[in-house]
Each structure stands twice: as C-alpha cells, then as structure tokens.
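First chain written, first letter: the chains are A, B, C, D, E and F, and each begins at residue 1.
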C-alpha cells in the first residue's frame, strides 16, 4: 500500500528524495545533451565529405 | 576609469581561468575543514568552540595561497612592464588586481565559510554573521595580501616570504572577524568588531 | 597610421648627458642624442654594452646616474615623463608579457585597450594573425609570438617605439613586413629606437652604445 | 573480448544496440524501486526515515563503484595507453562525484533524526568526504591541463593513487568504532535485514547501477565521437 | 649516484637561497600558531586539546605553500628540459627535488613543531613524540606533495590546484600522525600509528 | 674538443618518415633525413613551420605521430633513445633554464656536472665568461646569457647539439666565435642541428621544414 505520509520525518525524507531526483535528472540531461551535440557535429562533418 | 575596467576584466579572466577558480577555492576549503577534525580528533566538544576560528584561518590561508602568484608572474614574464606603460598608476593597478582576486576567490570562499563552520559544529543560526564577517574579512585579506605580494615582488623566495610578510597584516582582520563571532556568541553586539573589520580593507591606503 | 589623432604627441626626444650604471658597473656616461618626429635610431654595440638598459631608462624603468631624458611636443612644449610613459611609449622587450593560458585574441585586445583606443583589425591583417587568434599564446612559435607583440604597436598608436632586437625571431618575410611597418610609423610622424645586432633596412641614425663611454 | 572492445570502432558497434536497453532498464527499475520504497512498511525502529535508506545506500554504493571504474580505467590508460580507457576514466568522474555528493547529503538528512546531528566527524563520514575530494581533484586536474595527452596521464596517476581510499571508506566502520551502521548487507554472514526492506533496497541499488551504466556508456560514446570530430576538423584545416 | 648528489646540492642551494629558506618557514609557522589562539579565543581549556592537531595542520599547510613552485618554475624557465636530458630518469629527479625540499623546509619546520605545540599548551613531555611524528609527517608531506606538484605541472591554475590535488593525499599522514599523538595521550602505544606514518613517504612509488 | 672519450657515441642519426603534429595541427609528415658524424644540418622555414617542434621531437620531448628518430653508434649498432637522451644530446632552446638568483659560475658548474664529466675552464675561456662568472644570471644581458648557455656545450662534451636560433642574441664577434666552436665540434666527430633564420656560416645540409609536407 502506498504510504506517502512521512509523519514527523517529512522534512527529512522528502528533501532526500528531492535532491536525489534533481541531481540524477541533471546528470541525465547533461549526458544526453552532450551526446546529441557531438553526434550532430560528427554527422554534419561526415555528411559534408 | 575605463582602463580600470579593462584591467579588471583581464584579471578576472586570469583568476577564473578555465572556469575552475571558485570551484578550486571551495575544494580547498572543503579539504581543509575535513583535515581539521582528523588532526584534532572528532570530538564535538573540542571542535565547536574553535569552529568559527578555524573557518577563518582556512579563509586566510586560502587567500594566501592564491595571492602568491598575483604579481610574481607578471613580473617574471614581463607583463608588469606593459602594465607600467598604461594609463593607471601602479598603485591603482595593484588595487584592481586585488579586487579581481577577491571577486574570483575571496567571494566564493566567504560563501563557503559558514558551511564549513556549521560542518565543524557551529550553530546554524550564526550563518549570516559568519557570512558577513567572512565577506569583510576576505576583502581585508585580499587587499593586505596584495600589499604583501607587491612588497615581496622580485624576491627569490615567493610564497613563504609573502606568507611571512602578510600573516602579521592578516592578524587584525582575524581578531575583529573572530571577535565579532565570539561577541555574538556571548550575547554582546558584534557590530563594533564588524565595523573595525570593515575598516581593514582600507588599511593599505592608510 | 596616423598617430597625430591624440590630443598631443611626442615630437622630440632629447637624451641629455645621460649616465647609466647597473649594479656597480658603469655602462656609459655623457651620452647625448636628439631625435625628432619621423626619425629612427638604431642602437648597436657589443653584448652587455647597455642597449637594453638604455631603452629601459628611456621608458623610465631605470633611474639614470646623471643627465635626463626629456620629451617635448614640439619646440618648447615639454611633456612630463609620467605622461609620456602613460600615453606615448611602446616598449617591446625580450619578455613579451603574454599569458600562456589566454588566447592571442584576448591578449591583443587587452593590450590594445590598455595602451589606448584602437581597433585590432588592421593590426591583425598587417601581421597575418588571423589564423592564430584563437590559439592560446603558449602554443605560438617564437616568431608568431613576436608578431603578436608587434601587433600591439599597430593597434594602439603611440608615438615612440622602443624595440629590443625586434626582428630576431622573425623569418625573412616578416622581417620585411615589420621593417615596412616601422617605416610607415616614421612616415606618420612617429619615432623608433631599436636595439639591433643586424643593421636595420631603413634610413636611421646609429648610436654605438659601447663606444659612448 | 575486453581487449577486442578496446578498439573504438568495435566498441561503438557493440554498444550501439545496447544503449536503448540500458536506458529503458534504468528508467524502469527506478520507477519500480520508487514504488516499492513507498509501499514498504515503516521500520519498527527507524519509522519513516528508513525510506531515506533507499536513496542513501545505493548512492553510497555507486559512489564507491564509480571510483572503482575510474581507478581501473586509469590503470589501463596508464599501462596500455589506450584512449578508450582514458575516455572511460573521464566519463566515470562526474557521475561518481554526484553519487558521492548524494550519499553525503542524504546521509546528513538521515543523521539529523537518527543521531541528532547533521554531521559528525567519524571515520566513515570523513573518508567519504575524502572520496568526494578525490573526484573533485581528478576533475580539476583534467580541466586545468589543456594538453590532452598530458592531462590524461596526470589524471590517471591521481585516479590510481585515489584507489587506496576505497578500502578506508569500506572498512572504516569495522576499523574504528563509529556512529555509522556497519555493513548489514554485504557481509560474510549474509544480509541482516527484513525482506520487506531488502527488496526495495536491492531494486533501487540495481536501478542506480543501471543508471550509472547508461550514463557511463553514453559519455564514453560521446567522448569517442568528440575525438573523431576534433581529428576531422584538424584534417579539414590541414587541407584548407 | 653522483648525478643525484649534484642535483641535490643545487636544489638545496635553490631552496635555502639567500639564507632565508628555513628561517622563513619557521616565521610562517610562528605567525600561524600566533593567529590560532587569536581566532579561537585564548582560553587554554579550549586550545590544549587541539594544540597538537593545529601544529600538524600548520606543518601541512607550510609544506603546501612551499611546494607550489617546486616544479612549476623549472617547467616555465626551461630548466626541466635540461634536467630531462641528464643521467637520472625524471622520477628520480622528482624524488631528489622532494628530498631537498624536505631538508630545507620540512626539517626545520618539524623542529619548530614541538615548540609551537607547547606554546599552544601541549605538555612539554610530549616534545620528543611530537618531534618524531612531525619529522615523519613532513617527509610524507614532502613526497606526496611533490607527487601532486608534478601532476599539476603545466596547468593553468598553479597553487590552488596543487592544494586541491595534494590535500586529499595529505590526509593519511595527518590521520596517522595525529593518531599517534592521541594514542600516546590516552596511554596507548603510538608505535603502530607511527609505523603507518613512516610508510606514507613511500606511497608515491607504490 | 674530442668527444670520442665517451665509451661510445652517436655516429649516425636517422629521421625516418617522421610525422609531427601539435595540438590538432599537423606540422609535417613523411620527413626523412640522415646525418653522419661530422655533419651539420640547418633547419630553415617560415615562422610556425615546426623547426622548434622538430628539435624537441629529436630530443624525445614530443612523441611523433608516425615514424621514428634513430641513433646509432656506427653501422648496425643502435643506441636506445633513452641512452641517447641521457648521454649524447645537448638541447639549447629559447628558454635557457638559468636560475636568476644563482651566479653564472654556479649554473655552469651544475649544468656541466649534470650533463657529464668535464671542466668548465676551457669553456669559460672560449666564451669569454671570466668577468661574468660571479654575476647572478638575472643580471646578464641577453647575449651574455646565450654565451653562458653555449658554454655548457663545450664544458660537457656530447655528440649531438640541437640548437634553436643559437646566434640570434649574439653580437658579430661572438657569432663568429660560436660558429667556430660549432666547426670544431664537427671536426671532432660531433653533429649539429640548428634552427636558423640567417644562414649558418659553415658547410652544412639544409632542410626547409615548411616544405616537407
């Protein structure tokens, strides 16, 4: 059963999950954006050959 | 003052070079605050009373470390000749360099200082006071440090000489900064000490 | 290459009975030269004669034992040494003051803005720096560095050029270009004092520094 | 096999079909783990704070694991001077630093209710800070040297030296008496945790592992592409 | 090993240059131990427990300050090219330079450490132990520090980068050195910790 | 000036299909030269062509993209690059590695002891350093520094001299002396590779570095 009531500890549990979600999301975004950028650049150069 | 702005821009870009400036300053701070409890033992009753003071010393030392090269490099590679042939007098050049140094290194360090102090056991309620005194203090360090670096110019020994020249100059900001903290801790008003602290950046022009 | 834009400029340089020494060594004494707008002076002399020292004394970095260096706008109108230093003198020495981690463009732009108001474009073209502008200066070859340093002289117009062996690291092509740039500078009413070991390929007075004392 | 993959072309070809699978597995496991974490019953001792464990412990594990990846890759980069090993070491640094920072932050958030302090200077916590510092030093060193070959070598030496810190982190709880929990999962006698908490923890651990793998492989592939672009640009400049 | 002696002689003369080397190091140390009580408040009950630890930190920081230029200067002025064309491999050159650095700066600092600790309130009876651990520790600092300085060679950021790279490497000597003091204080044998401390100078060659 | 004292020495240098690049820039490829004992090679080429880089690659400081530099004692007897670097090569670049705070005597004595066994007296005489020996090197003029650096080549005999614009800061007299010293070195079975902008005044092969690629 889903239990979203953290009682007295809400002030600790939610920030912990929050920063985890934020930091991991930032990692993923950075990684994917860098991958896109260099893939596009490589395709452009190889296409222009 | 447009020449001043031009110089400031260059100094900032040199100090931040490669984007690593503030990051490195904070990493250094972090390393230092991690070493202290290791050396002094992790007992909070021991650490708590000295926490503010140690954050302050770390601030002073980090400023010192980054100061060494401030003028020495310009002297060795000939850039100082170029600067001397510009529109600003050398005193103004020194002041601008010190300001850039503070913006790039002192400011981020001052922001990190309360975090370090709290990590060493200081009461989080003191954060604003620590931040304020660290801001003023690092400004004082930057300017007295630049003075020392300018004095040690062209000497063979670099770093340590600057340290020896500058550390005594650092003592007033440390006393007033740490004093403000202690007075606040003991319930007294920290403002007189802070005011004195605010006065130290002006000391090289006394 | 018109330097006369500035509100006033050096029109005459008088070196008057100058005596110089470094440490305990007396380099020369009683050295007197006058230089007018549009004239060049080549300093020759054996190694250690005092060419570099003389250039630095003119720039005001070494205090002479005796005599003085005087700048004037024209006949009668003296210019303070401080003003001359702040506005009218370029010094190019062995040490070029380039920061290795900054790009050629950043350094040139800074030096130009620091020494006066001027655009870098014509200098970049004159010294063929376009393909080098985005390299960090530490990656430049000796000749490329020297070209970058010379570009400052073009980009920020100042009347008096003090050059210490300016052509040494350049190849034949760029030696010709640099000589032409000096000639243009003279034609525009500037002055050049250069310490050299090989004769300059332009009309100039010559001063044998070693022989002065 | 491993050495076969050291060829960048083969590496790219081999990992290409893998990428969507790894990313999908990472996302799926993260969702499942989150669901399990919030449906698990409260711990009788730690009450709701036990839910911090499901993000704290995987982050700590991966902070350590990423350093193992970094250190071992550094070793191969040093010994065999292979560019792919260098790319692998470099790609492990940022995720590793973030996982370690998360372990520190979530641990701190857990420490306040459990120990009554945000921070204590015991051996476990301090050695994790040192681990974080090694990551920072590694990245700072790489960023500060702009000759790429030289930066790679220097960083590899540092990465290798930093490996000595791992046993200190792992065994600090056993060597010194600390406030921090000793290993309750990875220990000789087998795990000492109820299944109700073990399952979400393991699923979250697996999810973090997958996420790291996905990030790592993606970044290595990006690095391979980046180097190709640089070489092609150089060739273009040469011909021009 | 005569080439090694030649190099050692040169490095020593560079490090002592102008007779100021050890003097400056000690001056720095004294200034630092003077600042600490000012920053932390002069209460002896507060200072005594951290005295040994602070002497240690000062040791680490002073080593750090003097390290920065160890290789950087040789690199910038071309002397490293000359050294690379000599009979010793570069690793040996680094080791000799680190040794000279220790002889000129670390050794005098280690001798000053017990004085500083006693000034901060440590029991004079501990002087030999502090001296011993400071000797070993400064040797550890010199070699790990040289490793860090060699790694940071040719980077743009100089001093602070070395600090960030080196401080994590300094942590083992600090743990073992301060650990030895603490164990002796609590009546345990300091020898195991001292042995571990003695092992750290070898770590760069692991 | 007899270098054959050493147990063995470089008798032949083969540069074989060498390719060099700096950063992303390809300098040249397919460069091949052979040099025998007693021969000199002058590297010419425009600024930025890669002369300095080639010298550093021969000294082993830059790893080539392709090809190799091989040293041999005579026909058949190869010398390891590490051995060559440790015993047989002198490199004189723009940066002279002199410590400003030490005296000329200290620096020369150290460099000589570091590079081999040799007395400094003949070198001091050959380069007229006697009056300068007790000056700190920072006080030397550009030409005096260069003479001090050249003295090392004489004081510690090594077979292969790699010189980067060796004559640039010297005056006419010392240029002649330095050229004579190179000739003596060649006559004694040594080898010289020098990057130059002005032709060397001795019989030598010439390689135009820019033209190689």
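One rule holds for everything that comes next: contacts are C-beta pairs under 8 Å (C-beta built on N, C-alpha and C of every residue); 3 or more make two chains touch, one makes a residue touch a chain.
Please read all numbers here as calculations on a predicted model, not as lab measurements.
Identification of common neighbours of chain A and chain B yields D. Summarising the inter-chain layout, the chain whose CA centre lies farthest from the centre of chain D is C. Once the centre of each chain is set as its mean CA position, chain A and chain F turn out to be 56 Å apart.
Centre-to-centre separation between chain D and chain E, using Cα means, comes to 32 Å. Averaged C-alpha coordinates give centres for chain B and chain E that are 23 Å from one another.
Shared interface positions of chain D, defined as residues touching 2 or more other chains, are 130, 133, 136-137, 140, 144, 146-147, 233.
Residue positions of chain C with contacts to 2 or more other chains are 94, 101. Across the complex, chain E is touched by residues 17-18, 20-21, 24-25, 27-28, 31-32, 34-36, 38-41, 43, 46-47, 49-50, 52-54, 56-57, 60-62, 64-66, 68-69, 76, 105, 156-161, 163-164, 167-168, 170-171, 174-175, 177-178, 182 of chain B.
Put simply, chain A touches chain D in their complex at residues 1-10, 12-13, 15-17, 19-20, 23-24, 26-28, 30-32, 34-35, 38-39, 41-42, 45-46. Touching chain F in their complex are the following residues of chain E: 3, 6-7, 9-10, 13-14, 17-18, 74, 76-87. Taken in their complex, chain D has these residues touching chain B: 117-122, 126, 129-130, 132-133, 136-137, 140, 143-144, 146.
For chain C in complex with chain B, the touching residues are 59, 61, 85-87, 89-91, 93-99, 101-102, 106, 110-111, 113-115.
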